[in-house]
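Scroll down for the structure; my scribbles are underneath it.
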Amino acid sequence: MDKIKVAIAGLGRIGKIHLKNLCRNFSEIEVIATMDVAESSKAIVEEFNVPLFTQNFDDLLAISKLDAVVICSPTDTHADYVVKAARAGKHIFCEKPLDLSLERVQEVLNIVEACGVKLMLGFNRRFDPEFKKIRQLIVNDAVGDPQIIKITSRDPGPPPIEYVKVSGGMFLDMAIHDFDMARYISGKQVKEVFAKGTVMVDPEIGKAGDIDTAIITLTFDDGSMAVIDNCRQAVYGYDQRLEVFGSKGMVQAENNFPNNHKLYTEKGVSGDLPLHFFLERYDASYNQEVREFVDALVNNEDIPVSGDDGLLSMAIALAAKKSVEENRPVKINEIL
Amino acid sequence: MDKIKVAIAGLGRIGKIHLKNLCRNFSEIEVIATMDVAESSKAIVEEFNVPLFTQNFDDLLAISKLDAVVICSPTDTHADYVVKAARAGKHIFCEKPLDLSLERVQEVLNIVEACGVKLMLGFNRRFDPEFKKIRQLIVNDAVGDPQIIKITSRDPGPPPIEYVKVSGGMFLDMAIHDFDMARYISGKQVKEVFAKGTVMVDPEIGKAGDIDTAIITLTFDDGSMAVIDNCRQAVYGYDQRLEVFGSKGMVQAENNFPNNHKLYTEKGVSGDLPLHFFLERYDASYNQEVREFVDALVNNEDIPVSGDDGLLSMAIALAAKKSVEENRPVKINEIL
Amino acid sequence: MDKIKVAIAGLGRIGKIHLKNLCRNFSEIEVIATMDVAESSKAIVEEFNVPLFTQNFDDLLAISKLDAVVICSPTDTHADYVVKAARAGKHIFCEKPLDLSLERVQEVLNIVEACGVKLMLGFNRRFDPEFKKIRQLIVNDAVGDPQIIKITSRDPGPPPIEYVKVSGGMFLDMAIHDFDMARYISGKQVKEVFAKGTVMVDPEIGKAGDIDTAIITLTFDDGSMAVIDNCRQAVYGYDQRLEVFGSKGMVQAENNFPNNHKLYTEKGVSGDLPLHFFLERYDASYNQEVREFVDALVNNEDIPVSGDDGLLSMAIALAAKKSVEENRPVKINEIL
Amino acid sequence: MDKIKVAIAGLGRIGKIHLKNLCRNFSEIEVIATMDVAESSKAIVEEFNVPLFTQNFDDLLAISKLDAVVICSPTDTHADYVVKAARAGKHIFCEKPLDLSLERVQEVLNIVEACGVKLMLGFNRRFDPEFKKIRQLIVNDAVGDPQIIKITSRDPGPPPIEYVKVSGGMFLDMAIHDFDMARYISGKQVKEVFAKGTVMVDPEIGKAGDIDTAIITLTFDDGSMAVIDNCRQAVYGYDQRLEVFGSKGMVQAENNFPNNHKLYTEKGVSGDLPLHFFLERYDASYNQEVREFVDALVNNEDIPVSGDDGLLSMAIALAAKKSVEENRPVKINEIL
C-alpha cells in the first residue's frame, strides 16, 4: 500500500509533537512537507528529513500527491486553513477550536461537508488511556447509567495576560476540553448549562474580562448531570481527574504521577506531585489521536472526533459564558 | 467536682449511641434519666443502670438536679422539647433539625436565648476525625484561602418512601449535613445557592414530590464556591468525601474502609467497600460531639455548634429547594 | 445467666486496657477484683467500681466465686501466677510470654493441662481486624496455598536499655508476635529458622548482648516460607504490614493511619504517619481477644490461642537466636 | 559531530527493542548494520532502513567505521562476541549475563580491559524511572543509611521447561537482576548470601534441577541486609517492588499499572492488574540504558554498569545456588 502523504502546518509546541509522532511512530505515513510562518522553524524539521519546508500554507495544498494536512497553527488561522484544505480535497486534522465565532465554525463545517473531506478536531484527551478506560467501562455497563459525572481540571498556572485577552475566555480556551470530555464520557447531549465563575488567582485576569475559577453544572437531555471545576492555577500542578457515578457503581481516574514512590520520614508520608502540565500528562494521547485519525483515513472510516463535536462543545462554552454573565442557567438551544 | 446530671430523650438509633457513650466514656457525666414514648425502650437502658425511665418528657424536667437534656426524639418533637427544656433552665443537646419550619426555628432560638441556656445541634460530622483534620489544616493555612470546596455525599440506599414524604425533602434531610460542612470547613457564609435536582433512583421519590440526585453550587460571600453532589443511592455504599482547593494547595479526605487489605488475583486488584452507613462511618463523631458539648458545659464555654448554625444550614437547604423549583440561583437573603 | 467473675492481676499499660474493656464492653462479665504490687495502682480502678483491690495475687484466688484471672503482671511472675491460678481451678488469660525458659513453659503447660482449666495467651495481633481479614481470605481460598508470607514489624523506637537486658532478646520480646502471626496466617508448622541479626540502631543494645535489626526466614513443613523483617526503630513510627503470596493470588494488609487525608502543595503530596505504636494500632485487638476468651468460657469452647501456640512461637524465637549466634539454619526440633 | 556508528547483533525480543530505540530516539546514533543467525530476521530491519543485514557476527566487525556493537544474541554467544568485538576495538553493550561460567566471565573481562574498549552490561532495571528515583533519594540522604532493602520480584509465569534447563537456574537467570538492584540501590558490596529455595509452581522445574520460589537474604559488608523474594509465577502478573528502610526513613516503589482507575460496585473496589511483564514494565528502561551507554561513548565517560557489576551479581547468584544446595549461608569470597 502507498504511504499516506501528510503535511503539518504550524510548528509550535503541539506541531512539534505531531511532527515527531508522525515521523517516528507511523510506518503507514510519510510526512512530505511542513509549514510555519517563522523561517526559524525550519531548523525543527531538519532531523526528521522532511523534504519540504515552507512559510506559506498554500504551498502545501499545491502538492498534488498530498493526502492530508495536520493544522497546528494559531487559532485565528484555523478556519481559513481548514476551508482551503477542504477545497483542495485534503483530509484535515485540526487543533481545537476551529474558530472563536460559532457562526464561522458552522460555515466552515458546511464547506468541509460539501467538499467531502474528513475533518478531525484535536480533542486529545479522549485518547488518553485513563479516560479511554473509563469510557470503555461505561460502554461495557460496568457502572450502569451515568448519573453524575465529575471533572476536575486545573492548570498549574495561568497563561500570560496577553494570551488571556485573545483566548476567547476560560470556557472557550480551557474548559472546552472538559465539555468535550463530559459529552464523550456520557455519550449524551448537554441541554442546559449553569456556570458560576470568579477571579481568585489574578486580578489582571478579571480586568481582561475573564474569570480564573469556575464551577459548571451541565444537565444532559435525560436529566443526569455533570459538574466541572476549573481553576487557572493549582500550585501543586496539573490536576486532571474524572469520576463517573452511575446506577451500578462508580469509577474514578486519578491524576498521573511521574513515579509512584512513597517516602516515610519523621515528618510524614510523601510523594511526588502529578505530571506537571498537558505535554507530560497527555503525551500518549497526542500520538493516539493521530493514530486514530490515520486509521480512519486508511480504512475510510468515520473520524472519531467530528466537526460537530467541536461545534457542540463550543456551544456549551458560550452557554457557560452567558450563564456567568447573566447568573442563570442557559439552555444550549439559546446558543445553537 | 459534682458530676453533670444528664437525661436522654428518645432511644432510637442515635439515642442509643448517645446513651452508651455518655454512660461508658464520660466520668464527669451521670445519666440519671431516660425517656421514650415506647415502654418497650425501657429494656434498652437496663444494662446501663440508669435510675429513671419515663414515657413523658416533662418528667425529665421535673428533676431539679438535672443539668442537661440530650434530645434524640423524632424531629416533630424537637422544637417543643427544646422550648420546654430551655424554660426549665436545662442545657440542651438536640439532634438536627430543630424544626422543618424556618419561622419556628427562629422562634425557638429566640426563646433559648432568652432563657440563657446552652443549645448545641447534632451536626456530628464536624466532629469526625477526618474532617476535623481537614479543618485544622485550613486553620493552619496549609491550603491557603479556600477557593473550591467539593463535598460528595451519597447514601447506600434511599429511606422508606413514607419517611421521604415527611422528611422535608432531600435537602433538609440529607444535604443539610453537607451545607453545615461547607460552612464549617470554609468558615465563610453562603450568599447564594444554585441546585439542580432530578429523580434517578426511584420514581416513587419523584411522586412524593422529592428528588434523589442533586448537584448544588454554593457561593460564599467572598465569591469562592462549594459544590456538593448528592444521591440517595450509591450501590457501593456510603460515599463521604471532602476536598478543599485553596491558594496554597489542596487537601482531600477519602472514604473510610473497614480494613485496608488489597487482594491481587488473576481478575484484578480488589478491596472492600467503604464503611456501610453513617452509624459505622461516623461512630467516633457521635462520641466526640457529646464530648465537646460536655466540655463546654463543664468549662462554661461556647457551644461548638450553635442554634444559628442550624438556622443557616436550613436556610441553605430551603434556598436549594427553591432553586430546583424555579431553576435559578437563589440568594440566602431571599430566605432569611 | 450468671455473669462470669473475673479478676485482673497487673495494672500496667496492658492491664489498664483489659480493665477498661472488661468493665465497659462486656455485659456478661463482672470484674470483681484487681491486683497490683504497687498500692498506687489502686487509684486506677476507682472509676470502674471494682469492689476489691489487693497487692497480693493469692488474695484473688481466695475468692471462691472467681471464674477467671487475667494476668498482665511482669513476665517473671507469669509462670507462678498461672500455676497458682490453674491449681485454684481458675481459667486463665495471660499476656505472653509465659516464661523465658522453654522448660519452665513446658512444665507450666503440663500443670495447666492437669488442672483442666483453660489457658489463653495474649497474642493480640491475631485479633486485629486487618489480619483476621487476611486469615479469613486464606481460609476462603482467595489466595490459594500460601507460598510466601512477608511480615514487616518495626517499632517506633527501642525500649530502655534496662528493659532490653531482661527482655530475653529481640526475638523473644518483639519478633515472637511475628512468629505467632506466621503460624496463625499460614496454619502451618515451622520446621526451620534462619535469622540474620545486627545492631544498627543503638550500640548499647549490642553491648547488652542483643540485636536491633533482623531478617528471619521461616521454612514451613511443606517447604513454603515466611520472611520477617524487624527493627527496633523506624523513625516514621510503628510499621506493621503483612503480605501473603499464594498459588491463586496475593493479599496485603497495609499500615493503619490516624486519618486518610492527602495534602497537595507546591512541595509534593503528603499525609500523616501510621498510628504511632501498639496501643493505638492494636486497640481493637485487645478488646477482641478478651471477647473471644470470654466467649470460649461462656460456650465452653476451645481457646483461640493455646499454651502450645505460645510454646511453639517461643521455640521459633529460640531457634532464631541460635541461628544468629551460629550463623546457620536451625531446625525447630533442635529446640523442642 | 559525526554520528556514532552502531551495529546490533541478535534480533529477538530485546534486540528489536534496542533496534527501534536506537533508530528512532537517538539523533547522535546511526545504526549501520544488524546481524541475526536467522535469515527471516531480515524482515524486521526493513522498516528502519538499516543498510546492512548479515547472518555472521564477523561481518559486523569488518566494518571499519563501526564504533560499537549492541549484543542481544543468545547467552551462549555473549562471551565469544564480546571477545571478538573487544579485539576489533569496538565498544560493547551486551545483554546479561556474559556467560554462565564465572571463570569465563573473568577471562572475558580481562580481555576487554586489555583491549581498552568500553563494555556495558544490560542491567536495564537500574534505568527504570521508579528505581532511579529511589536511588536518587538514597544518594540525597532522604532515608539515611540503608539498613534493610526489600525486593519483590515475581514473574507472571515460568519460562518453557526447555529454557529452564539451559538457563543456569532461577538465580542466574531471574534473581540476578535483583542482586544487581540490591548492589545498585545500596551502593554496598554483598559479603554473604543465604537462600532458601523450593518448588511450588511446577514439579517439572524441580525435575530439571531448578527451583521456582525463593527467599534470599544478602548481608552487606557493613552488616546491613537485603531480602529478596522470587517466584516464577504470580497469577496476578509481574510483581516488581522495592523498599528501602534506613536510619532516616523508608521509601517504597510500588508496582506500575496500565492505568489508575478504581471501580466501585456492589462487590467491592477494584482496579487493573500491574503491567504484565518486563517488556511493558521496563519499557522506558531499555531506552534509557542505551541512552546512558551512548552518552558515555560520546563524552568518553565511565560506563554506568561495568563488567565487574555483572561479575559480582553473578557471584551472588552462584552463592545463592550453593546456599540452597548446602542449606547454609555462603560467603561471596567462597565464590570469587
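Letters are used for the chains, namely A, B, C and D, taken in the order the chains are written, and counting of residues starts over at 1 for each.
Heads up, the rule we're going with is that a residue touches a chain if its C-beta (ideal position, glycine included) is under 8 Å from a C-beta of that chain, and two chains touch if they have at least 3 such contacts.
None of these values were measured; they are calculated from a predicted model.
Asks: Please state whether A-C or A-D has more C-beta contact pairs across its interface.
Replies: Answer to which pair has more contacts is A-D.
Asks: Sort the other chains by how far their Cα centres are from that of subunit B and give me the top one.
Replies: D
Asks: Measuring from the mean C-alpha position of subunit A to the mean C-alpha position of subunit B, what distance in angstrom results?
Replies: Whole-Å distance between the two chain centres: 43.
Asks: Quick one: report the Å distance separating subunit A from subunit C, using the average Cα coordinate of each chain.
Replies: 58
Asks: Using CA atom averages as chain centres, what separation in Å is found between subunit A and subunit D?
Replies: Distance between chain centres, rounded to whole Å: 40 Å.
Asks: Scan subunit B for residues touching two or more other chains and write them down.
Replies: Residues 234-236, 239, 248-250, 264-266, 272 of subunit B touch two or more partner chains.
Asks: Over in the complex, which subunit A residues touch subunit B? Could you list them?
Replies: So the residues of subunit A touching subunit B come out as 144-145, 147-148, 150, 152, 154, 194, 196, 198-200, 213, 215, 217, 219, 223-225, 227, 229, 231, 234-236, 239, 245, 247-250, 327-329.
Asks: Which residues, counting only subunit A, touch subunit D once they are in their complex?
Replies: Going by the criterion above, the answer is residues 24-25, 27, 47, 129-130, 133-134, 137, 142-143, 248-256, 258-266, 272.
Asks: Quick one: which bits of subunit C touch subunit A in the complex? Just the residue numbers, please.
Replies: Subunit C reaches subunit A through residues 234-236, 239, 264-266, 268-273.
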